[in-house]
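Some structures to go through are shown next.
Shared between the two complexes below is subunit A, which pairs with subunit B and subunit C, respectively.
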Partner chain A sequence: MNKVMSNKWIIILYTFPALLLIAVLIVIPLILSGYFGLMDWDGIGAMEFIGLDNYIAALQDTKFWDSTLHSFLLALFSACSLIGYLAVALILASKIKGASLLRKIYLIPMLLSSVAIAQLWIKVYNPSNGMLNSILLGLGIDNPPAWLADPNIVLYAIFVPIIWQYAGFYILIYYAALKNIPESLIEAAKIDGATPLQIALKIKIPLIMNVFKVTIVLSIVGSLKYFDLIYVMTGGGPNGASEVMASYMYKLAFSSYNFGYGSAIGFLLLIITLIVTVIIRKLTVSKDEIQY
Partner chain B sequence: MRRIGYTLLYVCLGLVAVFQIFPILWLFMFSLKSNQEIFAGNPFALPLEPRWENYLKVFDGGIGTYFWNSIWITALATVLTILVASMATFAITRMKWKLSSLVLGLIMVGLMIPIHSALIPLYNMFLNVNLIDNPLSIVITYVTYNLPITVMILLGFYTTIPREIEEAAIIDGSSIHRLFFRIILPISAPIMSTTVIINMIYNWNEFVFVNTFISSEKYKTLTVGIQNFIGQYMTDWGAIGATLVISVLPIIVAFLFFSNKIMEGITASAVKG
Partner chain C sequence: MKMKKAVTFLTVLFASIFLLAACGGEDSGGNGTSSGNTKSIKFMHLWPEGSSAQHHKVVNEIITDFEAENDGITIDLEVLSNEQYKDKIKVLSTSNELPDVGMTWAAGYMEPYVNGNMFAAVDDIIESDLSDSFVPGTAEAFSIDDTAYGLPLELNISTIFYNKAIFDEYSLEEPQTIEELHEIVDTLNENGVNPIALGNRDAWTGSMWYMYLADRFAGEEDVLTQAINREVSFEDPALVQAAQEIQKLVESGSFVQGFNGLADEEAKSMFMGEQAAMYLIATWDLPNFTTNEDVPQEFRDSVGYFKFPTVDGSGDSNSYVGGPGVGLFVSENSDVKEEAKAFASYFVQQWGEKAVTEVGIIPATKVDADSLDLPQMYVDVLNDLNEATNITLYADVQMSASAAQVHLDMIQALFGGDVTPEGFAKTHEDTLSAEE
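And then the complex of A and B:
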C-alpha cells in the first residue's frame, strides 16, 4: 500500500502539468518583469540594458505616484466599507425572514463581468441621459455633476460600482461565518440579559474576527490591483485623475510601447502588493496576540 | 418599540437590495427602448412597446462569434483546469512524499500576485512562440491562473477522503490511475461541480488576457467583443443595452439554477485563504 502511494514516477506525473504551467506562466514571467524593467525596450526591437534607470525614473514620475496614491485611496475606501458590509451581514444573520433571497440579490452584481459593470455604470453616470442625473433632475437639482468627466469626482464615482460589485461577496462571507457561531452562545448571552447590540459587538464580531482579518487582506490587495473596471470606465482619465497602478502599467506597455518602463512599473506593483500583504498580515496577527 | 426596530432593519436591507438590483433592471428596460424613449422618459418606466429589434440588430452585427468563442474557451479551459488541478491535489493530499507542502505552497503563490505584473513578460513569451492572436494562449493562461483557486477548493474535500477507500482499491489490485479516474474523481463530483461553476464564471468574465493577447475579431470573447460593439453603436442606447444583456444573461440564468453551488464556491474560495 505505502509503496504504491509513494511511487515517485506517479507523483511526478500527477503534479507535473500543474507545476509546469505555474512555473512557465506565473513564476518566470514575474521574475522576467523585474528583469525587463532593467531594459530600454519598445517590445519589438532589441533590448538595451540601462540598469536601474527605469526604476529611478518611476520614483521621480509624478504620474506613477499619482496612480499609486489613487490605488491606495481605493484600498482605504474598500477596507472602510467592510464595516458597512459587516453591519448588513449582522442584520441579515439575525433570523431575518427572506435572508436567503436577499443574500442572493446582493450577490448578483459580483457575478457580472467587470466590462459589463463598467459599461452599465458609464450609462448610469451619463451626464445628460444617465439614470443618476435623470433622478437628480427629477428631484429638482439643477446642474448635476458630470461624474466621470469631472477630475475631482471621478475617483469617488468609480468607487460606487466597486462597492456595488463586491458588497454581496463580503456580505456572503460574513453571513456564512456568523451562521457558524453556535446558537448556544447567543442563547446564553440572551439569558444573561445582553441586548442585541451587545451580543453583536461583544460576541459575534470577536468570534468572526479571523474571517474579518482575511477580508481586510483580500479587499486591500484586491484594490491595489484593480484594473478592468477602471480601464473600461475611464481609461484612467480625465487627465490621469482615475489612473491606478495597473492601468498606468498597461498604458505604458500596450499604448505607448514602452515595455521596459512598463515592466518596471509592473514589478513595482508586485513588490508593493507583497509588502502591503506582509504588513497587514503582521498587523492583524500582533493584534491577535494582544487579545488572548 | 421592537416592531419599529425590526421595520427599520428591513428598510435598511431592502434599500441595499434595491441598490444592488435596480441598475440591472434599468439595463433590461433600456435594452428594450428607443433612444427617444430613454432620453425623454422617466428612467423607471417600463418600455411602451418592447423593441426586440434591438436584440436582432445586435445579432445581425455579429455578436454570435464572440458568444461562441466565450462558450468554447470557457468550457475547454474549465475542463482542463479541473483535470490538472484534481491530479495535482490527489498527488499532494493522498500520496506520501516529502515535498508535497512545498509544491502546494508554490501553486498557492498564484493567489497572491497581481496578474498585471506578469502581463508584459507573458505577452512577450506568447509573441516568441507565435501564440499571440491564437486562442490557445487564452486557454492555457486561464488554466494556469485558475489552478490555485481550484486546488484550494478541492483540497478540503480531498483531505477528508477515508484511507480505507484507497486501501481497498489497491488491495484489489487496482492501479493508481484506475484509483484516481474510477474512484477518486467520481466521489469528488460534488466539490468538482463547485469548481466547475466558479471556473466558468471567472473564464466567462475574464477581460485583460483576451484584450492583450487577441487582436482578430474572430477570436475575441464577449467581454472584449462588447467593447467594440459599444464603440460602434456609440449613441444607440437600445443596442448597447441589448449587447450588455446578452453578455450577462448566461451568468444570471446559471445563478438562478445553481445559486447554492455558486455561493458555496465563492465562500470556499475566499475564506480558506
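And then the complex of A and C:
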C-alpha cells in the first residue's frame, strides 16, 4: 500500500477526477463571477470593464445591507433552533416508544422539494382562506396578520418553514451521533446515580460536541446562502422586506438585467460566508479530543 | 502483485469513465437539432394547460396542423407558466440556448435581447406572409430602430371585471367616477364582502391601478409615458396625486386583506370563487369569463366589466392601460432558422381567427369580427377598442428592466404604506434620470 501511495503520479491520477469536477463546477464559476463583477454587463450584450465600481456600489447599497442583515438573522435563528433539534434527538435516542416512526415523520420535509414546501406554506399563510388565520379566527382573534404581506412579520413567517424544512436533517445527524456513544458509559453513570438530565447534559452532549460544532457551521453557512423558499413564497417582497443576499443577487442579475452588479453581489456573498466560516471555526475549535 | 493488479484495474476504470463521459457530451445542446431527414424546432410558450386551457389547446392544434403539412419537421414543445417562463428565457439566453421559437414581450423587455443579437429580424416574414395583417401599432411595439424582432399575438386592454350577482345583492351600479367607486367599496365593506381582488406580490397588477389613476389625473396628456420618456418630470402633480389616491383606496379597505403577499393567481381565484366583487385585469382573461368550460357557467354569466372610472371629472374613460401582450421571436442562433421562421409565420396566420373563436382573446392580427359568432362580452370589448382614444403601454414594459424593478418595488411600498406619494415620485424621478 505504502509503495503505491508514495508514487506521486498515482496520487495525482486518483485525485484528478474529483479535482476536475470541483474546478469545473465550483472554482471556475467562482472566479468568473468575481470577474463579471468587474463588468458593466446586462448578461446578453457586450461587456464593458468598469473596475471595482460594482463592488463600491454594492457597499453603498442600503438594499444590499438590508438583505445581508436578513441573511444573518436567518443564520441566528437557524443556529438557535439547533438546540431544539438536539433536544428532540436526545428524546428520540432515549428508547421511547415509537421513536423509529417519529424519526421517519421528522424526515418527511426533507424529502419534499422546496417549491412544494413553499406552495404548502403559502396556503397555510393565506390571509383570508389560510389554515393559520382560520384557526386564529376560530380562537376569537379578530384581525389576524397578513403573514406574507406585513413587512414587519414576513421575514419571520418564512423562517418557520425553513426551520421546519431542515429539522429532519439535523435530528438525523444528532441521532446517529448519540447512537454512537458506548452504552457502557451510560450504564456507569446510571450506577453512579446520575439522573437522565445529568446524563444528557454532562455525558451525551459533551461526547457529541464535535458533531454539534459541525452542524453550527453547516446551518450558518446554509442560511447565509439560502434562496429557495424565499424566492418562491415572496420573491423578496413586499418591497424587499424579505430579501436575502442570494435572492437580491438573483433579482439583480435576472430581473433587472444587471448581470455585472449581480455577480459582484454574489462574490461579496462568497467572501462574507468565508469570513464567517473562518470565525466560527476559530471560536469552536476544540483543544482536546474526547476519546471514548 | 495483487496490489499492482488493483492499481491497473482502477486506472483502466477511470480512463473508461472519462471516455464514456466525453462521448455522452457529444450530442447534447438543446436548440434546434437536425438529424437525418427530420428537423426539430424547439418552441417554448407560456400557456400551461392548467391556467390557460383554451390557449393551450389551440397552440397544440396549430402545431399538429403544421407538422401534418410539413413532412419531416417536428415541434419540440416546452410549456412554462408566466413567471417561470421569464426566468427560464433569461437563463437560457445567458448560455446562448434560446429555443428556436419562443415568446417575448414588447419594447423595453426585448431590448437587451435585440442588442445582444439574440433575436432574428422578422421583417421578411411580415413583408411576405403577413403584410397588412396586424392592427396598427402592434407590430411597431415589437420593432427597434424600424426593424421588427417579434410577431405580436395579442392585444390587451385592461378593465375592471365585477361580479354582477354581488352588485345586484347590494343594489350597486357600475361606477363612473372614483367617488362612486369609493362608495361601492364602503357598502361592500359594511356588508363584509371583499371589494377588490389584488395580488400585488406580482406588482404589475398594482402598477395597472396606479397607471390608470395617473392617466385619469393627467387628463388629456399621457403624462406617465412622457415621464418615462423623460419629456416631463416624474414629480409631475398628476403622478403624485395618483399615488395619493392609491393610498386613499388602500386606507378605505378597497383591496383584499394581505394583497401585498398574494400572487395574481391567488387574487384571481378569489374573484372567481366569488370571494371578491371586483378585479382589474387585462382582456387576456376574457376566456375565463366567457368560454372556458372549466369555469362554472353560473359564474361566467355573472361577470360584467366597466371602464376604469374618471377622477374629479378629469380623464377620459376611453383611455386604456394595455398594449400588445406576447409576441413570437425567432432565435438568431437557431440551427433551423428558416424552418423556425416558417413555423412562426404559420402560427401567426392560424392564430388570428382561432384566437377569436376558440380562445376568446383579441389577437394582434386584424379579424373580421362581424362574420364570426362571438360571446357578447367579446363584442363589447372589440367595440370599446374601436373607440379607444389612447392605449398606454404597461409601465414595467416601457421601462428598462432595472427601472422596471424599481417601479415594481415602489408600487409594493406605495400600496403597503412604506413610502409617501412624494417619495414614490422622487425615487422614480431619480432612477429614470440616472439612466438618461
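Methods note: the second predicted complex is superposed on the first by the 263 of 292 C-alpha atoms of A that agree within 3 Å, B and C clash if a C-alpha of one lies under 4 Å from a C-alpha of the other, contacts with A are read in each partner's own complex, and residues count from 1 in each chain.
Heads up, the rule we're going with is that a residue touches a chain if its C-beta (ideal position, glycine included) is under 8 Å from a C-beta of that chain, and two chains touch if they have at least 3 such contacts.
As the structure is a prediction and not an experimental result, all values here were calculated from the model.
With subunit A as the common reference, subunit B cannot sit beside subunit C without a clash. Of the two partner chains placed by superposition, only subunit B is touched by A:F267; subunit C is not. Of the two partner chains placed around the shared chain by superposition, subunit B is the only one that A:L32 touches, whereas subunit C remains out of contact. Contacts of A:S255 after superposition on the shared chain: subunit C is touched, whereas subunit B is not. Once the two complexes are laid over each other on the shared chain, residue contacts for A:T234 go to subunit C alone; subunit B is not touched.
In the superposed model, A:P17 makes contact with both subunit B and subunit C.
By the touch criterion defined above, A:Y166 reaches neither subunit B nor subunit C.
Once the two complexes are laid over each other on the shared chain, residue contacts for A:F64 go to neither subunit B nor subunit C.
By the document's definition of touching, neither partner reaches A:Y174: not subunit B, not subunit C.
Using the contact criterion defined above for the overlaid structures, shared-chain residue A:G43 touches subunit B and also reaches subunit C.
With the complexes overlaid on chain A C-alpha atoms, the stretch of subunit C that clashes with subunit B is 78-86, out of 60-68, 78-86, 330-338 or 366-374.
Subunit A uses residues 1, 4, 10, 14, 17, 43, 128-129, 254, 259 to touch subunit B in one structure and subunit C in the other.
The part of subunit C that touches subunit A in the complex is made up of residues 3, 7, 10-11, 14, 17-18, 87, 90-91, 93-94, 112-113, 115-118, 194, 200-201, 203, 256-263, 266, 270, 275, 400-402, 404-405, 409-410, 412-413, 415-416, 418-419.
The part of subunit A that touches subunit B in the complex is made up of residues 1-2, 4-8, 10-11, 14-15, 17-19, 21-22, 24-30, 32-33, 36, 43, 88, 91-92, 94, 96, 102-116, 119-121, 123-124, 128-129, 131, 134-135, 138, 164, 167-169, 172-173, 176-177, 211, 214-215, 217-218, 221, 224-225, 227-228, 231-232, 246, 249-250, 253-254, 259, 262-263, 266-267, 269-270, 273-274, 277. Listed in rising order, the residues of subunit A touching subunit C in the complex are 1, 3-4, 10, 13-14, 17, 42-46, 122, 125-129, 146-151, 154, 234-235, 237-240, 251, 254-259. Subunit B contributes residues 9-10, 12-13, 16-17, 19-21, 23-24, 26-27, 30, 38-39, 42-43, 84-85, 87-88, 90-92, 94-97, 103, 106-107, 109-110, 112-125, 140-141, 143-145, 147-148, 151, 166-167, 170-171, 176, 180, 201, 204-208, 212, 222-224, 226-227, 230, 237, 240-241, 244, 247-248, 251-252, 255, 259, 262-263, 266-267, 270-271, 273 to its touches with subunit A in the complex.
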